[in-house]
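Dropping the structure in here first, questions after.
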């Protein structure tokens, strides 16, 4: 990962600001001959799209993706990838004209305002500019292409914690994730969360969350020692998502409390494993078991309660962030986490095939 | 990070197996004119070296580093970097001759044995080969060079949890870290851990841990959106260390339970922050506050209790790992975590200077 | 350089096919605070644009560039770069609907048709797809941004040979380059070339050429040993342009005939050099003298004379390439060569500043 | 290519100075299971080794290569690659103690002395330091590994021009290359060159040369548009060799004088080509024909004739370079050019397999 690109053989570069003309991604290194249309991508974008429930920002964006290059309709009429870079563009349509005076001149605590300005001497303050979660639309689009590269791998995400409220693992049901707007795999908790979030939203506050992404079907052998470990790439990928403050694989931080006996995933013929504390990755290489990543999303810094801050001139002041915001940005991070998992796995699939045939 | 290299302008490539002839690192992109001798590096290696207390493996390695290139004694007699690649080599001296029959033919649960063989069709089973924690000596050597690149940044690490036993934050004292062999910043807990680890060691078992690394003195502005975020690079760097299963920045996973009001690090003139939930990184860019990273280290898989496994032919069997092992590999991960922090920060310092002057 | 990206700190990724919806580039790593508007880029694109004289393809493209991201209008009303990725898009407007039957099924000798299909199993045959010289518009746009990064460096190109006809060095005049449509620095030769090319064009043939690009104003010290040499990057950059078959720096191939005495660029106080056989680069690092690169452009493979070839089924056949083509693609390669020089120098300026301050 | 590394999947990083302790290379990404011993590499190093005839420097170096990592003796007793980084080290043995006073304080015209100091503020002047041709031993060692990755590709080099004396293509005979110390494929010219070089050597002068490298057996499809073109990578690779000032593929600069009719390599069933003006590369992708690269090597700057120069303080002075030097460094560049061709092809073989299966 460097600057605005990630991946090695399946390489994604994104561009765009929240309130610019357009945002998008170039997917470079995609294998040729894969059927790919805008519809294949649109479904995933729609899942991430804001304004679909009262729990996400009310900003309205069509988020229509356009494929600018890299696909071709062959003699049989199938639209397939050609092996050349696939440029994906999403035009910004809801750039509500407004007065950015307050945000333009003050730094929102917990937001990237201050550091962008400290680094660059300038920042595009309209809607957060490059640091806006809007950029994740480009990731989701790229992830949709990545899934096509590894069609036998199923990648699914869910929200497993909002604030102090964790799901009950015994009630975990992937089918349930599709049934509620919170991507919650626990029907009971989904209802509780809805109530809880209504309170957060009405208070003009926000709350953190934890997302879990699971990939099933990847064979043993993907990944590479030591600085190209599958889990190192996953950690970077997840940590690059807005507002993410922690990443873990398998038992993650809980493994600090385990003994060697407890942590060992014993093996039987097959080969098969009797447990998956490792989360599908050992020594940076996939084991063939489900690959399990979790990441923590902090609460959005855009809240209605006044916070102490400074302005660009260094004077002490206060700020309140009005406007359309997510009470829990972790919700919309679910499809984004899936997309990042897909991109990392597609990259490692190609890299493994390159080195090991 | 790709394959066995990491960093972009300050770029480190490591090589070597546990029981090969030598291991080492090439540090490429180091600025010229920096005073650097083997002694500057040796001190950090000694801190990581095994066999210094009863709590680490009894393997005896001199871990003497040799600088093969990239430094030159100038007219004033100072040995300084020249800007060309700095090759660092550590010869393996304690390659105890032994029968690897059991490890050669069976996969240790929780170890990389199985996946290396699944990926490559072959593995160097002597002491874990490339997947051995011994490789971290190369990281520590590279980290010593990195510290010289950013002399105004202080980088310190500590062990903050072993098994279920966490330090008391109220007793946190960096000076204490130097006084006990467990890198524990809490004198009371250091004594308790010693007893606890004696039990673990005598039982032939192992236990997980959590390491915290803090960098002070880095200015605001290091890092880069969005796939070159400072915290994304830190996450990858820490996750690339052997046995690490989770990484967090600042409040990390705890931020999932925070409200926007609680999480916001308010600002006052200075500029200064009234808290550091962010752990010194916002939007992937340093804030000027201490940069705080924590990572979870799983228990080593080398234990005396028999575990069920399979052999190379796929037959079901059991395995016991004899030999000299760390009851808690998290201990020696402390200087390794510091080294990775140093390398990532040196890289981002140079990258920032490159783009922004 | 890898896949469709080049550069290390100033990094350009291009996308797009000849007859797709759009083509463009993402410029990543550009320093912030640089004034940049579409007009700054358009002038260079116009210079490269086809259809401006009878000596280039009659395809009509507006080649209007749109900046999609990475610039912002600051408080003083200046539109400046923000340090985030600059996406540049050029829509394809003259995608003349036609029957591609012949090109779709046969391979043009000397063209990339056969190898794209051998590699990918599919090719976008419309106008050459990704292998079309049309992609160079994206390079020229990126080059315009690069020039802004190194405003004190002047970069100029000229055509110095068409077929067997070389310019007279004694008549070399940069001002003349602006006065004729062939970018010829020799007024006498410009007239001769015009007559010569009329003959080539009327015969439905094509001819090769040599382009020279000179950068003045770069200080000593840009470049990096050994695989990031300034001239190695220039060689790759020029060779990546369509139809280029050779690159040389300074005396280039003529230096094979020189003795050490002749080749040595002696030095006097200043520091100054008494000659520039080296072409401004020694040991991969700039000397402070003009940087001189030349590259050979083969004749386009699109000619009216029938050539023997095979079809996709492997049957032997003949092909004639009708349509709008350049009798000498070397002409329009002049602004492209300038753009590549600009991008390489901007990248090495940033890299040097990163490592050496 | 960046800094001291090149290649993408088959990635080589070199280190070392002329008179340091050792030089070497790390080869990262090599496929596993390939038989590899030091003897496999030594043969190629011996070919490059100085002091083998009166036409090369009389410096005596054993150039014994040691494999430090990345190979393992498997159960069948075969020493094979494991897929982990292969570290190769060559110790410097002939670091003749001498007074470097003159070279230390003056810049040799045509040498990298001045620019290294301009860039870094310091230079290792002992034998040229990092800019010494001695570094090419590391390339040759890496190239020997690369050849093993693509065993069906034959890679051979020859010297085709020394000063104004070119070989007669009609007498080109690969077998002859092995019979004379000048790697000359033309027996008649070999004898003439020997006489000519005796004169150059006795005059304390030096002379330039042209090397040709040919790879046979690579299938169609290796390479990648547009900035990862096979020929762009070859151009960078060859230009990165010391003293190289020009690179061409196939007809190279001569193609500037060709018409489209002459240049087109017509095709017949097979598929087969009736000529190879393209030098085996079209659109950046291999055609299946022999891949032909040529590069020009300037005369070494180390000559006995006094040249005007300046000292470090900027004072005007003269310099004469005594010591053991090559009258024609182009000779020993032959095995180096072969090695670079091998590395580039191995990399593109793996990259192609990664993307296209």
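Which chain is which? They are A, B, C and D, in the order written, and residues in each are numbered from 1.
Keep this in mind: contacts are C-beta pairs under 8 Å (C-beta built on N, C-alpha and C of every residue); 3 or more make two chains touch, one makes a residue touch a chain.
These figures come from a predicted structure and were not determined experimentally.
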Checklist outcome for this item: Outermost chain relative to chain A, judged by CA means, is D
Checklist outcome for this item: More Cb-Cb contact pairs, comparing A-D against A-C, go to A-C
Item to check | Centre distance in Å when chain A and chain D are each reduced to the mean of their C-alpha atoms | outcome: 45
Next on the checklist: Can you compute the centre-to-centre distance for chain C and chain D, using the mean CA position of each chain? Integer Å is fine.
Outcome noted: 27
Checklist outcome for this item: chain A and chain C have mean C-alpha positions lying a whole-number Å distance apart equal to 38
Checklist outcome for this item: Among all residues of chain A, those touching at least two other chains are 2-5, 8, 14, 29, 32, 83-84, 119-121, 130, 225, 356
Item to check | Contact footprint of chain D on chain C as seen in their complex | outcome: 1-6, 8, 14, 107-112, 114-116, 118-121, 130-131, 135, 161-164, 200, 205-210, 219-229, 231-240, 242, 245-271, 274, 277-279, 282-288, 296-303, 305, 307-310, 314-316, 330, 352, 356
Checklist entry - What part of chain C is in contact with chain B in the complex they form? => result 8-9, 29-32, 83-84, 225, 350-351, 353-357
Checklist entry - Which of the residues in chain A come into contact with chain C in the complex? => result 2-5, 11, 13-17, 20-24, 26, 28-29, 32-33, 66-70, 72, 74-75, 80, 82-87, 89, 104, 119-124, 129-130
